[in-house]
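In the two complexes below, chain A is the common chain; its partner is chain B in one and chain C in the other.
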Partner chain A sequence: MKRELITALSLTATVLVVAYISTLGGGLGPLFSDTRPLAKVFLSTTLDPNKPMFTAMSPEGVTAIVWDYRGLDTLFETAVFYLAIIGAVAVYRDVSEKVVLKGGGVGLSKIVKLVTKLLIPMNIAIAISIALHGHLTPGGGFQAGAAMAVVPMILIVVFSRYFLLEVKISKGLALALRSIGLIGIAFTVFLPIIIALISGVNSYIMQNQVKFGAPFSFPAFFGDSLISGSLILYNLFELLAVTFGFSILFLLLSIEESLVKEQMGGEGSEH
Partner chain B sequence: MEVTYLLLALAMLFALIATYLAIVEKHLVKAVVFSAIQSIAFTLALYLLRAPDIVLVYLPITVGIYPAAILFLIKKTEEVEQP
Partner chain C sequence: MRLIKMVPVAALTFAVYIIFSGSVSTYDLILGSVVAVFSGYLTAELLISDSGKALSLRRFAWLVFYGIYYLTVAEFKAHVDVIKRIIHPKMPINPGIVRAPYNVGNDYSVVTVACSITNTPGTVVVHLDEGSKNYYVHWIDVKAPDPKTTYENIVKDFEKYVKKIFE
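Moving on to the complex of A and B:
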């Protein structure tokens, strides 16, 4: 009883302190009422053709910051995600996903399967639109990849892992597609340097638009459509990398533990 | 403006309760469900704080992918936390 009282009192105190600091205390700064100076800098330059040295040619400030102003941060985040997936693949290196458990592969009921069949195309369409519109509206490569990664997860849960094997979505394919995404990102990062070396001008790594002393620029428009230079490429390749990164994780995690232990040897197979 | 603050406060209070329940719950599957409920409340709060980019990534990760990954892991271990 005393323990519950202390818990309740400390939780209430935490709520009150955090609420006071974040609202009346002004700890979060001008919430909803005013734009901060740093935000003003980004908002005034993110889509302004009259400031060619500073603009990212994208109306979506967040994507512009993520892939242009602070591009290297995102590049290293992608590298961290890449290494995490590689870790999972390394742990499961000796396990074959092709082995079938007796009595497995049924999945959930017909109703759930039908509803899933209707929802999956919508999910894919939304994910692709989040990626392709990432430089215009809220969204981007990682957001789209996360939305798309739900598809293999639902397929595994509803139709079982063996359904994915039947339609030839294997760990190898997912690894290959993820690698294409990562190679695409690396290619887009180094493309300004390659073009600069060929044409004999200066450029920077991950350069999107013209910078001082570096006249290289990705095309901001494709026909009449605003594509914001390298941002649409990064979003598309990140979509591939994140989707199939998570897919590998689910393909590996969904292998039955008894099969994993059987194949790995180790402590599980001793008894 | 006041409505936004009120909804924000409600969402965070909801999140706090869900977090507390997720921590004290001994049945791990229920704990994951509480954690997902907390994430839904956080999603609402992030939307009210005008961060739609974060909402788009937070929703699939914390309501879809993270509970699924944890459920796969729970299936590989034990459903109830041992004292």
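Moving on to the complex of A and C:
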């Protein structure tokens, strides 16, 4: 009883102290007052054709920051995420997903299966919509990829992993499509430099709009529609890469433990 | 063949894309169509087995009619019944799980009837036995457990319309 009282009191105290510091104490800067100077910079430049050297030509400040203002940071974050997936692939390198256990692959009831099937095209539509509007509304490539990765995930849960094998969604295919996504991102990163080299001007890596001394610029509009230059490309390729990055993990994690042990075995049983 | 099967799936995808995007700009209409064709191509074989049925206007009209009938008449009757039981001081319930046979064949019919039963208050499909063609339904007021009574009370109304839509 005494112990629980102390726990409850200390938790309450922690919450109160953190709340005080972060709001009234001004630890994170004043709330309910003017926008902070750093935010003002981004808000006033993110979509302003009159400031061509500073703008990202996207009304979505977060995407503009993530893929333009501090794009390199995101690029390396992406690299870290894919290294983690490569790690998983390396751990499972000796395990074949093609092996089928006896009596496997029944799945859930007909009701769940049919409703799930109906959700798949809608899920695809929503995920791609999130990616295609990443430069306009909250969301973007990663969020879209996470939404899209729901498709293989629910297929594994509802139909079993053997269903994915039947429709030819394998680890190899997922790896290939993920690589296409990554190559697309890399291509978009280097495209300004390639074009600059050909046309004999300067440019920066990951450049989106015109910068001082570097006249290259991705088109901000397609017809009348705002596409925000490189941002839409990054979002689309990230969608591809994240979708299949997650798919690889789901495919690997759904392999039966007994199969994994059997195929990787040896060492564990000898000791 | 796959192209015709794609049409209903692509239409569904396109509708979802436009509603979710909340915009009918040229950008969204064009990209929405591309996404619809792509997604239709991928999932048509999974969803559609008879494209003639899927594109039949008569069946679609029945689907719309059934949707309206279900959401107004069927839901209203079931709600009134359950509300009565809730506010009645004696709470007259007689719950139990009964076996209710069904006479429809294809997946869409079986699932639509099952979901219709579950979504009306008072009845829930807890199990589906495809071998003997029976739903196992949790019923708030078991009148009698024999198949004839359960079929008449639980399944018949829905099945009548669902047969016209999907069979």
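To be clear about the criterion, the second predicted complex is superposed on the first by the 260 of 271 C-alpha atoms of A that agree within 3 Å, B and C clash if a C-alpha of one lies under 4 Å from a C-alpha of the other, contacts with A are read in each partner's own complex, and residues count from 1 in each chain.
The working rule: a contact is a pair of C-beta atoms (placed from the backbone, for glycine too) under 8 Å apart; a residue touches a chain by one contact, two chains touch by 3 or more.
It should be emphasised that the depicted structure is a prediction, and the values quoted were computed from it without experimental measurement.
A.B. asks: In the overlaid three-chain picture, which partner chain does A:Ala79 touch, first (chain B) or second (chain C), both, or neither?
C.D. replies: A:Ala79 contacts neither chain B nor chain C.
A.B. asks: Give one of first, second, both or neither to describe whether A:Leu249 is in contact with chain B, with chain C, with both, or with none.
C.D. replies: It touches chain B, and chain C stays clear.
A.B. asks: Contacts for A:Thr23 in the overlay, against chain B (first) and chain C (second): which applies, first, second, both or neither?
C.D. replies: The first partner, chain B, only.
A.B. asks: Return first, second, both or neither, reflecting whether A:Leu43 touches chain B, chain C, both chains, or no partner chain.
C.D. replies: So A:Leu43 meets neither chain B nor chain C here.
A.B. asks: For A:Val62, using the defined touch cut-off, is the partner it touches chain B, chain C, both, or neither? Pick first, second, both or neither.
C.D. replies: The answer is first: A:Val62 touches chain B but not chain C.
A.B. asks: Let me test your reading of the model: by the given contact rule, A:Ala146 touches which partner, first (chain B), second (chain C), both or neither?
C.D. replies: A:Ala146 sits against chain B, while chain C stays out of touch.
A.B. asks: Could you look at A:Ile194 and tell me whether it touches chain B, chain C, both or neither (first, second, both, neither)?
C.D. replies: In the superposed model, A:Ile194 contacts neither chain B nor chain C.
A.B. asks: Which chain A residues are contacted by chain C in one complex and by chain B in the other?
C.D. replies: Shared contact residues on chain A: none.
A.B. asks: List the residues on chain A that touch chain B in their complex, please.
C.D. replies: Those residues of chain A that touch chain B are 7, 11, 15, 19, 23, 31-32, 62-63, 130, 138-140, 142-143, 146-147, 149-150, 153, 157, 246, 249-250, 253-254, 257.
A.B. asks: Using the touch definition from the top, list the residues of chain B that touch chain A in their complex.
C.D. replies: Contacts found on chain B: 1, 4-5, 9, 12-13, 16, 20, 49-50, 52-53, 55-57, 60-61, 64-65, 68-69, 72-73, 75-76.
A.B. asks: In the complex, go through chain C and note every residue touching chain A.
C.D. replies: By the definition above, chain C touches chain A via 9, 12-14, 16-17, 20-21, 25-27, 31-32, 35-36, 38-40, 42-43, 46-47, 107-108, 110-111, 114-115, 125, 127-128, 130.
A.B. asks: Show me the residue ranges of chain A that touch chain C in the complex, using the header's touch definition.
C.D. replies: 109-111, 114-115, 117-118, 120-122, 124-126, 128-129, 132-133, 167, 222-225, 227
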